[in-house]
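To keep things simple, chains are lettered A, B and C as they appear, and every chain counts its residues starting from 1.
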Amino acid sequence: MSFNPAALLLLIVGLGLIGWLAGRARSAMVAGRAGTKLHSRPQYHGWYVALWLFAPAAIFLAVWSSVAPAMITNDVLASEAAQRLPAFGFERSAILSDARGVAQGDQPSVRIEGAGPLVEPYRAATQKYGMIGIAAMLALALAGGLFAFTRIRPDFRARSRVERIVMGLLLLASLVAILTTFGIVLSLLFESIRFFQLVSPAELLFGTYWNPQSGAAVEGTFGGIPLFWGTVLIGAIIAMIVAIPIGMMTAVYLTQYAAPAVRRWVKPILEILAGVPTVVYGYFAALTVAPALRNFAVMIGIPNASTESALAAGIVMGVMIIPFVSSMADDSINAVPQAMRDGSLALGATPNETIRQVLIPAALPGVMGGILLAVSRAIGETMIVVMAAGLSANLTANPFASVTTVTAQIVKLLTGDQEFDSAKTLAAFALGLVLFVVTLLLNIVALRIVKKYREAYE
Amino acid sequence: MTQEDLSIADPKMTAQNVNVFYGEKQAINDVTIDVGTDLVTAFIGPSGCGKSTFLRSLNRMNDTIASARVTGKITLEGEDIYDPSMDVVQLRARVGMVFQKPNPFPKSIYDNVGYGPRIHGLAPTKADLDVIVERALVRAGLWDEVKDRLNESGTALSGGQQQRLCIARAIAVDPEVILMDEPCSALDPIATAKIEELIHELRGKYAIVIVTHNMQQAARVSQRTAFFHLGTLVEYGKTTDIFTNPKQERTKDYITGRYG
Amino acid sequence: MQTRIARRYAAERRFRLIGLGAVLLSGAFLAFLLFVMVGNGARGFTYTNVAVPIDFASTPLTVDAARLNDPDADQLIANAGLADIVAFAAEEALGDDGDELISENAWKEVRSAIKDDPELMTGRHVFDLPASSEIDMAAKAGASGALGARIAELRRDGRLSTGIHWPFFRNADATDPAVAGIWGALKGSVLTIFIAFCIAFPTGVLAALYLEEYAPKNRWTDMIEVSINNLAAVPSIIFGLLALAVFINWFGICQASPLVGGLTLALMTMPVIVIASRNAIKAVPPSIRDAALGVGASPVQVVFHHVLPLALPGILTGTIIGMARALGETAPLLLVGMRAFIGDVPGGICSPSTVLPMQIFLWSDEVDRGFVEKTSAAIIVLLFVLLSMNALAIYLRNKFEKRW
């Protein structure tokens, strides 16, 4: 019998089912004998027993399957055969994993010399800890089940107990959000601090030369300014020049002029535009837009025009953001009270005067909030820039030249064969931290503006 | 009229020195009242006088409002309903409630009525449930109108039918007390008349407490009337006495339409 | 006054036209994008085949027919020199350049045909073999010069035919466009999304129920709320960094697998599901809760018997949209190793795998021109799946949308 977590999980689910049936039956019997009414219905007694059977055993199973491999390895290392292992890190772990593979039946025979003698100790240790684990788990399950089973009485509040557990579960689910946030902040901070031990934060934030090399950190090659500029140029300037006017005017037209039928058709089309995956936009930018722009640039005589231009990535990113801007603007304009619009029209203003001089100024805070959210989304966008903007860190204002962005560099630094602790991979986390902080600030400010604006009209 | 002669020697529910607070604001001030077992008790008073609040404290529906706080003692058959050992769910099964606006579940008529018996385990088999549902609908005077379409949605009924469905739903768990919070305020006169008729028929089977600001209604359906004003219980007595011979000046003013 | 009014009306018309222009421009972008993808991609679903007769009588394939169902049959046939036999037959039939006209993997098609029908191993049969990428491109798009002449010659001999490119739907990634397919990536996507759904959906819905129905108003719940709202706006690549640091380096979950990809996407989609679910739960009128409480349902029963079923259509709509987004997501998966070339269809949730958007990304980098149409074809498949999901969501929304 081997220690197979999935099979064991099934086993305790099965035990839980038996517990459920037993608890239900017993509660009905107890009530019948005492001739009284149960406080909780039989099925809740069933659930109570099942949970006591299942939960402790499941928790043990989870803990055991994460610590058992280490204990097995310890046992093997203590064995006689292991004394002949090379002390060297890589070779040692390769031999160990080879022996483990054979012992656990993942591979038919050893591939590395020297792993052979370790197979038996591995098999023995696996067997031993497997048996211990299974026995302990079953004991826990039975103990829990018996404990719950003996508590069944007509006046026992099984429903309240079960519901308290359900509530605990709900709370636990909502804690996942906090855990994720903490996970992001801690993992980014932790790796960034390690990076900043190698390279000073000032260099990352204010240096102007970016060219990280493999191996030891070289002073002066981690200047983030070109990346930040590239990010701003593509995400906050070019993309917004495309997205804001088109998105705003689309929203104005749809809310103020378009017939309901048109609205009904155009909105889903915009939703489709928003639903196209970014990798498709990236491919579109790289395949179609970038070469066209380069030809255009060459035609009008711009030097060093690149096929990986900031403009191509920015324009396509702008297109991607249009639906986002338009729906935010749509909401803001709709939130302006009808009375304001009527007031202006009643004075004899034309619709466009009303829109430009009354509606848009009134909706401006909401629109601004929406634009900030759009910027935060654009600077965090990855695939379009990876595929279309290139990877060379140039500090240039020429939109036809190639620039790179924070996200593109994160991808570049972390793909390929890197040691996880090299300055290059750590730099990716530091860039991630910068990106996270900036987008977080943008979001907080934007959400605050939008909220204030909504309150003003409620 | 023998029922009016019953004194409340054996009250179903009692309230002693009950105060209800919403946060800092006191909504009910030191109310003491008994609810008779076989009687219809009406709570009347101008809107905002706290009669609904008090009603909701009788089956602890105020628990659903986080800031609400109740002091004093309310008992059902001698048990303190705010005692920690009192299970609020069982309490509400014993003290049912009908709300101001009909609120059927968007389920079939059958499931609406059957829901309570199901969760309380009153019907071990489908046949038992059929019996309970039919009896509740018959008692609510709705059976003849819906017996052929029990699987249709409860929300498809007319307003008056919906409200009778809600009463049937409350009856189905066989409560001891039924609280009705202005059950007719969203209904037309014909539907209202039917509900009132129904209340007449239910009298004696359940202790009924009805909140209304329609004084004619209180006079028509109840044997006991309590007049609330500004969170206090001003006067409580036999309905005939309250309406013909009020003891308090404020009651008289309200009944004669001086304010309200 | 008159001229002023005329001017104002002209401004009005202009403004209106600009608005219409903006709408049309958005529509035009979408139309252009779809046009380019369909234009390039339609040809990716077909492939040019060259008819080559192979005479196993003169060049015998010495394989025991009884062993063709063995697990190592592929290896067996390869060792028997089928590749050389096919190349020889091609040169025999098509001339000296015959070997270059067919795909270097063409013999694998013969192999699977033989495995299906061992009779083929005897005697002479004509096989429709995939052309080389170069020939395929030239035959479909037209070519000039020597290549064009050669194609015309083959056509005249009736050697060329075009058919649906089955390997595209059947195979995993390969370096040769003649046999590269999306099945591996598609299965990887399905597994990944399945994992993401299994984690994000229950967690998200339960969290939404807690926050909307039970949570007391205090600092903790405020923190949860703020976390969720911010997580929904965190760039997706940050989730990739988190997954790399926590799932791979810390927990050591199998790299590049649907499991780790699914976990990453689950964290990313959960906030979306929470927000959509909360809105759906909020829309359930309080009178329903009162009604259930009034007949003695416990708070947990109120939620699970009434609120949740009524909110479910809204929750599902939000979930489908969130899942569609996860399905199209690439960036975070780049960081957890799903970028590698995977030549096998993934076997389970822990085996190395790639996903459909990643396959598109990988193919877009390929030098071989034949991959351009494969990339676009894969995009069409991805868009088709995503649009179907969105259409389903919109349908659900319209069907079950209730006005209370």
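Following the convention adopted for this analysis, a residue touches a chain if its C-beta (ideal position, glycine included) is under 8 Å from a C-beta of that chain, and two chains touch if they have at least 3 such contacts.
The shown structure was predicted, so the numbers you read here are calculated from the model rather than taken from an experiment.
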Note: of the two pairs B-C and A-B, more contacts are counted for B-C
Of all chains shown, the one whose Cα mean is least distant from the combined Cα mean is A
For chain A and chain C, let me know how many angstrom lie between their CA-based centres, rounded off. 19
With chain centres defined as C-alpha means, what is the inter-centre distance between chain B and chain C in Å? 59
Just the number, please: Cα centre separation of chain A and chain B in whole Å. 51
Out of chain C, which residues touch more than one other chain, so two or more? 298
In chain B, the residues touching two or more other chains are 89-90, 119-120
Contacts with 2+ other chains: residues of chain A: 159
Residue ranges of chain B touching chain C (in the complex, touch as defined): 59, 61, 64, 66, 88-94, 96-99, 101, 103-106, 115-116, 119-120, 166, 169-170, 172-173
Residue ranges of chain C touching chain B (in the complex, touch as defined): 216-217, 285, 287-298, 301, 305-306, 310, 402
Taking the touch rule as given, give the residues of chain B at its contact with chain A in the complex, in rising order. 87, 89-90, 119-121
Flag every residue of chain A that touches chain B in the complex, lowest number first. 38-39, 41-42, 157, 159-160
Per the touch rule, the chain A residues reaching chain C in their complex are 159, 163, 166-167, 169-178, 180-181, 183-184, 187-188, 190-191, 245-250, 252-254, 256-258, 266, 268-273, 275-284, 286-288, 319, 322-323, 326, 350-353, 355-356, 373, 376-377, 379-383, 386-387, 407, 410-411, 414-415, 420, 428-429, 432, 435-436, 439-440, 443-444, 447
